[in-house]
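What follows is a pair of complexes built around chain A, which joins chain B in one and chain C in the other.
Now for the complex of A and B:
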């Protein structure tokens, strides 16, 4: 039902998204300068770290390494887009806002379904469809719980996470399910213009999502729903429809990420739930790149790539990988702390 | 839900609101009844004792800490780090030959340090609790991996350390095992603090109406700091009990508590009409999770199916409670 509505809204959408508001903003000037400083500061921090790697990590700047990082970031990136969409549509309140804790477990389940289907001898198309159906079904379960039953997203997706993780374990008996198929071979070893298919997947997927979220009326309404549900409702936007869509979309992202994960390892492996925190970090870290400090697709992509480059740089510098998590955490704190300082005291809670 | 509607409430509506409020209690009793009939061992003293000591105590103490934090309107994703830090420092000190009391004290201080870090990030640097504690979680994981060369567990089964562990986990007073006594003490203290004290009023006010709490002259930063430090301390106690029970320190093991504790606390919120966390509700949530885990094991469900079972059950409890409440509006 969402698909048809979505299509019609996309068709109806104008090219530009921002409404032409021209109110005086004298009072906000100081704050706006602060926000700009934060965004520049965050970007400067990221750039500084990359420059450091470029100077001191051997091979960091090579195009091969660059593509390698993009390729490695594909799975995290696709998941982070799903999470970002949910946060955009549900608002970023800590306990009541939109969040999808089930996304990583859902990816594991989709990967398991996909790999099991391939192993059972089904062709690529059937297996892909089964994986996507599985991801969207889990997303639909989230949507029913959050929108239909009114359960807090944090709580509903937590329960669904358990269900998905358990289903994956039951299906695979906690083992590695190997899989080979023409599609997987193409994803792993195919390349176009010297860029591998996996990297292309991330690039194309981000472009599609970028246009969809930031250049269509539907995307704008999604922000309205997340930013102020009552106002959105008063303006005639169907809040339940838009919020449901975000959960279905994050289910779809989980399925796509699951297929990519199977292709990377030629198998579905247990333990995908561990990605959840990185996904959250990427989606939330992305907010510092936006003018209004909300999740954006571009910002999410930048932070995903940054996390990828961080791990890669440490590897090239021969620093123990145990540092990566800690540095990632410290950077999140640094960036967010600076951000909240610039937001001013009244926005601190 | 205006007053006129309330006075016209029909019998069906009353039953609906009763079920919405007490769905956890009803489910809990139904599940206990089911397992009692399905498995002859479920209601035996040995099994209930096992559930209490192995499944309830530690999760309950962590969940109590989260109850305080969630009452204040925040969240603490770093509970596992506090648990692990206390456990790690305690076990490492014992391995180095220090005394048990010293080890426990420094271990608890290590957990408190995590709480202080959270408090500084949230109250001084104004980072949202979700992100602040997420960052601390990442840093805590790195710290443990670096301190244990990548996550090597430390086992201290016998000898001096083993005796120290036994003194904590295996002794009992008047037939009640020490961990249970610790839990009871924690419940009483947290209940009094959260529901019967000026401090608790402040915490509830911050959670319900942060702006009003601020303008009423509440010292929000100081109160919030105490909230996060208190939560970390409770997690530290769990860490000590954990390492004494399993006689070892396994890196990153505390994280297992996080999602269960969040689940238990929020399941508990269905007890209150305003969906506020309460100590009683949280304990019920913990009992529900523990009994389901144990019962499914007893009736021979495979470990993997248990997780599905718990997820479905929690989902249903939430669906009934939230769904009925929504239907009334």
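Now for the complex of A and C:
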């Protein structure tokens, strides 16, 4: 890193225009107002929908229903944290930034490996380790493709998604692999303070990730790498290392989600890839809860719960479940469109 | 030996035809005709794993239409073939405390713990095509009969010997297990009928395309005409792909057999030149309706048997013109062609 590049990046990242350069400042202010409007608009929409459910959906406000939704959101939540980490480290540009399209298929593969190991008679510890190893290995493949080979994350992870899905089909022959074990029984029927184990998993995992991403130096560096890789490099941060880490972490999340999925379904089942839309929706919707429109753990958690409440509220209102997918897709489109608008031309580059 | 065999074949064939004819007279028997049933003021939860096939869609519609017809309110939930979604829907449904729940199809291994929770919550549970100890009543076709009949038809057409390609991707679905086991049981009496190993796997989605390429591959592997004689599947969507593959490969001697009676397959069986030899046609709409009638009877304090069979009809080349017609008419009436 030369002194000149360092100077120029500092300038670029600097506090804006020199005296006399009025136009950029006006643009900046306009953009800032736009960003605030977008954020508040999106948060208002979320709130309105929830208030509507609270008023009109019978049973929506009961604590039992809330715990149900948290439990139902556990698998999606863990996956969304993985996706959020990748977007934080790779940048939130939708086309060129970080994205892990393989995460849902990876979850399916990990679930299949975990269930197959249990069915083959291995104890929980071995099966869990095998599942995690599988998830991290797929993550490593993503890291090699994106960081090592420099392939666009969108394409690299799309390819790895197919590899993972193919591997799962080969392993399970597209069948349901039933599994029982002490760990699964604990996950599915255990509870503490009236909250089920699966719901606790989401709560505790959220807290750990929240501290890790937002309260450690490593988390801060991750944001720097995603927000401005050149500046991060200038500051002496290893960009490839941090980006690679996000894909490995995403693989780990897929493995944990896979184990939770086997506990909830008492089996590994085909079709995990279907979750990708919801995972993307959660991670992208989560950006509206941050001032800079980047994913945060709190924001991701809120949108995961929002998606859960959406399906739940529709069912309680007896509105056709066919609407849920459509509404999710519409929300993604809306958020991507408004965040691109708010960030200005550089976001759609 | 050969005389004995041919005699047993002709007896088999005659039996198959007689059975089919007998079944055709039973077509459309509505249990509601005699009784005044009502679901007024009742909320009935309906959960189905997916509605992307003719059978599923018709059963789902039959259930909802009958709930409406009897004055009840349906909470209808389609999980879009996503097990996780179906579980989440069932969980929320339990919290909604409906007067009864009707569950349709799905993987028993996944469903059973949740069906048990429905009973723990003291909600009466009824199933369609899903045999589980947790249900008060399971309304379905007589899959034991269907499985044996279609297998016997296949063996009869094969002349008691030859090679069968079997699709066995859904053994975890209870009705498929019964039909498969019945087919295997029939084959124990015909040692010259061999299942080609390894068995083929039918998949969802892309069932037709996958079956087409599987069967095409097997035909390429056994190029000699007559080396493969039949394709069996526990439902009829793979049969569509298998039939198309046999036609495309110019191997019409490979006959196909399936169960359900999608209009497309019935039309194939009606076509003299098609390799589709037979299909056991069910009445999914009637099955759905009958299940709801059972719910109404139960809620009115009447006794309900643990299972109700709605008649199915074996449609084969000999009887297709007569037996297939009412099924196609019913499908057309429902707007499915």
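FYI, the second predicted complex is superposed on the first by the 291 of 349 C-alpha atoms of A that agree within 3 Å, B and C clash if a C-alpha of one lies under 4 Å from a C-alpha of the other, contacts with A are read in each partner's own complex, and residues count from 1 in each chain.
By our rule, contacts are C-beta pairs under 8 Å (C-beta built on N, C-alpha and C of every residue); 3 or more make two chains touch, one makes a residue touch a chain.
Given the structure is predicted, the values throughout are model-derived calculations rather than measurements.
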Clash-or-fit label for the pair chain B, chain C on chain A: fit
First, second, both or neither for A:150, with chain B first and chain C second: first
Residue contacts with chain A in the superposition, chain B compared against chain C: B
First, second, both or neither for A:337, with chain B first and chain C second: first
Which of chain B and chain C A:320 touches, first, second, both or neither: both
Partner chain in contact with A:281 - chain B first, chain C second, else both or neither: first
Partner chain(s) touched by A:125 [first = chain B, second = chain C, both, neither]: neither
Partner chain(s) touched by A:174 [first = chain B, second = chain C, both, neither]: both
First, second, both or neither for A:64, with chain B first and chain C second: second
Nearest Cα pair across chain B and chain C, whole Å: 5
Where chain A meets both chain C and chain B, residue numbers: 173-174, 320, 322, 325
Of all residues in chain B, those that touch chain A in their complex: 70, 73-75, 121, 125-132, 134-139, 141-143, 145-146, 150, 210-211, 214, 259, 262-263, 266, 302-312, 314-315, 318-319, 322-323, 325-326
Residues of chain A touching chain C in the complex: 58-59, 62, 64-65, 68, 71-72, 75, 173-176, 178, 188, 261, 264-267, 269-271, 274-275, 311-312, 315-316, 318, 320-322, 325
Contact footprint of chain A on chain C as seen in their complex: 73, 75-85, 87-89, 91-93, 95-96, 107, 109-110, 112-113, 169-172, 201, 203-204
Interface residues, chain A side, partner chain B - complex: 94-95, 101, 145, 148-152, 154-156, 158-167, 169-170, 173-174, 277, 280-281, 284, 320, 322-330, 332-333, 336-337, 340-341, 343, 348-349
